[in-house]
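Read from first to last, the chains carry the letters A, B, C and D; within each, the first residue is number 1.
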Amino acid sequence: MDFQLTDDQRALRQGVRDLLAGRFDRDALRAAVDVPGHLDRELWRALGEAGFFALRLPEADGGVGLGLPEAVLVFEEAGRVLLPGPLVATHLAAGTVPGAATGETVVTDADGELLPWLDASDVVLADASGAAPLRSVDPLTPLHRLPGPYAPRTPEAVLLTAAEQLGSAGRTCEMAVQHAREREQFGQPIGAFQAVKHLCAQMLVRTELARAAVYAAAVTGDPVETAAAELLADEAAVRNARDCVQVHGGMGFTWEADVHLHLKRAWVRAGAGRTARETEEVLAAAL
Amino acid sequence: MDLTYTDEEEEFRAKLREWLASVLPGLPPKPSPDDWPGRRAYDLGWQRRLYDAGYAGLHWPADAGGRGATPTQHLIFLEETEKAGAPYVGANFVGLLHAGPTIAAEGTAEQRARWLPPVLRGDEVWCQGFSEPDAGSDLASLRTRAVRDGDHYVVSGSKIWTSHAEVADWCELLVRTDPAAPKHRGITWLAMPMDAPGITVRPLRTLAGSAEFAEMFLDDVRIPVANRVGEENDGWRVTMVTLSFERGTAFVGEVVACRRVLGELAAQARKNGRWDDAVLRRRLGRLNAEFRALWRLTQWNVSESQRAGGVPGIGGSVFKLRYSHARQELFDAAAEVLGAGGALDADHDWTLDRLSSLSYTIAAGTSQIQHNIVAERILGLPKGGK
Amino acid sequence: MDFQLTDDQRALRQGVRDLLAGRFDRDALRAAVDVPGHLDRELWRALGEAGFFALRLPEADGGVGLGLPEAVLVFEEAGRVLLPGPLVATHLAAGTVPGAATGETVVTDADGELLPWLDASDVVLADASGAAPLRSVDPLTPLHRLPGPYAPRTPEAVLLTAAEQLGSAGRTCEMAVQHAREREQFGQPIGAFQAVKHLCAQMLVRTELARAAVYAAAVTGDPVETAAAELLADEAAVRNARDCVQVHGGMGFTWEADVHLHLKRAWVRAGAGRTARETEEVLAAAL
Amino acid sequence: MDLTYTDEEEEFRAKLREWLASVLPGLPPKPSPDDWPGRRAYDLGWQRRLYDAGYAGLHWPADAGGRGATPTQHLIFLEETEKAGAPYVGANFVGLLHAGPTIAAEGTAEQRARWLPPVLRGDEVWCQGFSEPDAGSDLASLRTRAVRDGDHYVVSGSKIWTSHAEVADWCELLVRTDPAAPKHRGITWLAMPMDAPGITVRPLRTLAGSAEFAEMFLDDVRIPVANRVGEENDGWRVTMVTLSFERGTAFVGEVVACRRVLGELAAQARKNGRWDDAVLRRRLGRLNAEFRALWRLTQWNVSESQRAGGVPGIGGSVFKLRYSHARQELFDAAAEVLGAGGALDADHDWTLDRLSSLSYTIAAGTSQIQHNIVAERILGLPKGGK
């Protein structure tokens, strides 16, 4: 047993982080926020070239030949920077939908009642008849509402979404800590106050517990473990984003701060998956 | 312990209801949230109606042009106007609840005569220039400078979270007049005319997407010394008078509104089938206990204030801590009732309320600060720790 | 409307507090703990003389002629000092069971599955056939288990128990604050640390919310309001006792500290009433 | 990321299981909780069996008489012994997990030879004299005084939370040797023979009613200078070595046990009908997620420690914060499953576990202290605030 990242996995994570820092920095993020619904196809192709979508295809089929643990690490990075687009659906379509693997084709799929990125996608795997647009609370994820019935999401889709939640939870923890170190009130950094310190510590605890669950589910593929990962990652992403708002105080309540983007995206991702009710019932039934 | 209302109180309520029923149907249509001049006109129009009917400045002392009503009458007023769906205080908020009462308590006869009647009549709008980018929880560290030049102060600096700044006539402004003094002792309260040269107002967009607030940049703005309320460098004390007015009955209407929303959630859940989810149903039941008790706590605090001759007690911090949390829980429950398809729809009122509920544990003293206040001022634990 | 204590109510509260301080001080409490199951009949008669049981009987019948709000204030005081015995049952039996009003007769009644003080009582209002003793977690409340079915508790019993919970919640808040003021670690009172300060503040908030609910239910007699009072008072008593343990640190974990007595009694009182499930359903149905 | 065990690890597990299956049926009956000499004999007897089978001091370095096993093997050992229902470490706790490793790391060759073999063989019991009535969270403020008198220290003071003191042969004792130095720099680590004159042990009853712990009063107890481990006034550093050993795998067996209890709760609820309560059922489901993740976090931390050559990381504080809370939630859920008639029965194991779970957020660093550790040492927030 060696439940730690291998050197290759560390290198992969660093590579993706560097790629995203170069291709999707904060300016790009805010630009995406300012033009809701617009998908940057050049970035999409760059992701394709970097193997983001073909990651788990066999090398013989032009893929990278890696597994679910590696995909989880990559999607965690995507979640950290709030990378927009139907990433999970396109990744899962690689190998079956032509062009998905290379980032030429944008593929979307329904997440239960909600279909993201319908207008910007080339291929829609869900039955989109009767899809009605709504004004998405998340400026980075356009949504349509579907009349149903809905196909259940695949375990891979659940897990990769949980990985994005994990990345977001880790990032909002970092953002809160950074703000707490820099922001001064009453003559000192607010991070010197226990009330703020303990909020930040709780954020880390949530993140690390979710990390253990998500990584373990990626390694074992166990459905109950996946349900645990979903539950804990959803909770970590939403709760951390809220605590991050709180630590930021008034600043956290502005549109200009990025923290609300994490909260809204976390809501969208949690809403896309099973409800907590369904997940908890799966976990209870397994006892 | 008496929860029944006196005959006088019941008569006050009956007359108010009657008046509301007669006046509300004749109101003009509500302006759009982005139409600031329209909102100003609408809010001032409502205030004028209140004035004409004798309800303006209900809780203000009679010698300031108010009705000198009891805290209980004020409670009834807030409860009934909310229940009837009357307009919110809106653009009149700062004038009626902050600046006005401050001037009434601390201003000269001349200042009272100049500024109070237009507030009550719905002629003038005030905004608040307290917070600064680097002075939030630690408001007393504010740095906007005012330098005396003859019979004027020359003011430079920046303010933030100034609501209705775009359409305000006046701003109650806190400035630093003595940078060398301990931070609470070098602050002065000024009434700044919003048409003075050197003021730039920039809308501040919140995470809910709206521009309720503004930033305000002051560049050598000249304000007459005559506009100072209270002594120079005594502005902190003057301000605390204002803030204590804010705490007493600030959330009465909101608690009434929350209880209405809770009923709507139950109705909606019964309609869409989510009522069968025992966890959600019991969560709504728990919120029922929570908001009923918050209502009773409001009545408790109001009665206490009434006995103290209208001075609100410290119980406001206890109330705010629990209420701000309960409000967030309420709109989280609303998201469950709606399901993802509704909860992620930015056009749904409850989605916006859910977003704006996040400010309740931050604005007017973060929950962290409120915990300190409760622990130190009520429980007597040692001050000033971290 | 004047939702504050009247002068008479304040005087009554002070009178009961003084009486209990004289007749049931800390030594008496610890003595009661050391002899589980023993009921001090002399104290019981003294309570009777002071009008504890006859409080709500008409003056014409030898009672004090007061109402439920006054009874709530009295039972709150009993809860503060952990006064042992079947207080609620005997109070409610005054006027129907001879001797109950004067404290000559000790009356018990079943609280659902559990029957307290069976052996020490003179009159048992429940069907006690098949009652089996258990080792009560609370050294101040001997218990028997009943086979059922159980009669539902009266609204008065629910409310007076909630009043005891309120008293206990207020007392553990005070105990925590006192300890936080006196106990020094790291060169200062632990109450100077925000982590401790905020625990104490939360205890007060819980107490005051429960107080508003309990007093209001006493005034209105409304069943939904009573359910709210029960829920919030149970929560305040249990949660405050636990936080009081936490603030006391190791000391709070000892038998010698009184705080565990509050926790165990709060558990017993909460267990005696409706479950949170039942109470929440009542509150939900009322929406 | 690999969660499969190597062939060597699986072989280790298989052999251990085989041995446990062979030895456990032959164990003597468990003594009653109040029978201290009986418990000592039982615990030492189990340790002797481990020793004879080659499992004693599994995680100790080989040159201290241990097996030099990897953290993963230690994890497997703790998991399998718990699953098999083997005796707990009991009276051997301090010797095996605190004092022993400290002596192994910091003691002289002579000290190691004197003290370590009897611990491994199950001949001697150690207890811990660290905490004092006025030194809990702030352990370094301890005041038990040791004054040098020739080749002895003369020690006076009092200690608290000393488990197994009644039956211990030795006590690892922290004393203050330099009252003038900064508090962390005047502390010395001594091995105190428990039969020395001047020691009074008084049982300390916990809220669960048991006397697991004791107070210890020291009145001019003479301890040879040769019993000092490490330098005079260097005891704080020496102690920190011990404490870090405590953190790594301290809760492995408990997490395994909690998962077993959770299964029992579900079985019990299915039997008594409470499984139909959706709120309770989903609460158990949530606890399933919680404890599965805590188990994975344990494996994560153990793997990290294995890569670091056996040194436990700081992740222990993160784990302890969440685990202590989850354990309390678990036994609260147990009370719901039992209903009032079971939850208030002091003879039910789960009732006692519920009571003792309260110590988990206090002992070995309160949650308040652990939050500080996480915030300051992992997240790098400013130290020393309040």
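The rule we apply is simple: a contact is a pair of C-beta atoms (placed from the backbone, for glycine too) under 8 Å apart; a residue touches a chain by one contact, two chains touch by 3 or more.
Heads up on the chains, UniProt names are A, B, C, D = Acyl-CoA dehydrogenase.
These numbers come from a predicted model, not from an experiment.
J.: Which pair wins on C-beta contacts, B-C or A-C?
T.: Spelling it out, more C-beta pairs touch across B-C than across the other pair.
J.: Name the chain whose C-alpha centroid is farthest from the C-alpha centroid of subunit A (Acyl-CoA dehydrogenase).
T.: Max centre-to-centre separation from subunit A (Acyl-CoA dehydrogenase) belongs to C.
J.: Using mean C-alpha positions as chain centres, tell me how far subunit B (Acyl-CoA dehydrogenase) is from subunit D (Acyl-CoA dehydrogenase) in Å, no decimals.
T.: The mean C-alpha positions of subunit B (Acyl-CoA dehydrogenase) and subunit D (Acyl-CoA dehydrogenase) differ by 54 Å.
J.: Could you grab the centroid distance between subunit B (Acyl-CoA dehydrogenase) and subunit C (Acyl-CoA dehydrogenase)? Build each centroid from C-alpha atoms only and quote it in angstrom.
T.: Here the centre of subunit C (Acyl-CoA dehydrogenase) sits 39 Å away from the centre of subunit B (Acyl-CoA dehydrogenase).
J.: Averaged over CA atoms, how far is the centre of subunit A (Acyl-CoA dehydrogenase) from the centre of subunit C (Acyl-CoA dehydrogenase)? Could you give it in whole Å?
T.: Each chain's C-alpha centroid was found; their separation is 50 Å.
J.: Could you work out how far the Cα centre of subunit C (Acyl-CoA dehydrogenase) sits from that of subunit D (Acyl-CoA dehydrogenase), in whole Å?
T.: 38
J.: Of all residues in subunit B (Acyl-CoA dehydrogenase), which are in touch with two or more distinct other chains?
T.: If we look for residues of subunit B (Acyl-CoA dehydrogenase) contacting two or more partner chains, we find 277, 279, 282, 368, 371-372, 385-386.
J.: At least two other chains touched by the same residue of subunit C (Acyl-CoA dehydrogenase): list those residues.
T.: Where subunit C (Acyl-CoA dehydrogenase) meets two or more other chains at a single residue, that happens at 188, 192-196, 198, 277.
J.: What graph shape do the protein chains here make by touch: line, ring, star, complete or other?
T.: complete
J.: Which residues, counting only subunit B (Acyl-CoA dehydrogenase), touch subunit C (Acyl-CoA dehydrogenase) once they are in their complex?
T.: 1-6, 9, 72, 75, 262-263, 265-266, 281-282, 284-286, 288-290, 292-294, 296-297, 299-300, 302-304, 306-307, 315, 318, 321-322, 368, 370-372, 374-376, 378-382, 384-386
J.: In the complex of these two chains, what residues of subunit A (Acyl-CoA dehydrogenase) are touching subunit C (Acyl-CoA dehydrogenase)?
T.: Answer in residue numbers: 193-195, 198.
J.: Can you check the complex and tell me which residues of subunit D (Acyl-CoA dehydrogenase) touch subunit B (Acyl-CoA dehydrogenase)?
T.: Residue positions touching the partner: 277-279, 282, 385-386.
J.: Given the complex with subunit D (Acyl-CoA dehydrogenase), which residues does subunit C (Acyl-CoA dehydrogenase) contribute to the contact?
T.: 112-114, 134-138, 143, 145, 184-188, 190, 192-196, 242, 245-246, 249-250, 252-257, 259-260, 263, 267-268, 271-272, 275, 277
J.: In their complex, what parts of subunit B (Acyl-CoA dehydrogenase) are in touch with subunit A (Acyl-CoA dehydrogenase)?
T.: Per the touch definition, subunit B (Acyl-CoA dehydrogenase) meets subunit A (Acyl-CoA dehydrogenase) at residues 131, 134-138, 141, 160-161, 204-207, 209, 277, 279, 335, 339-341, 343-347, 351, 355, 358-359, 361-363, 366-368, 371-372, 386.
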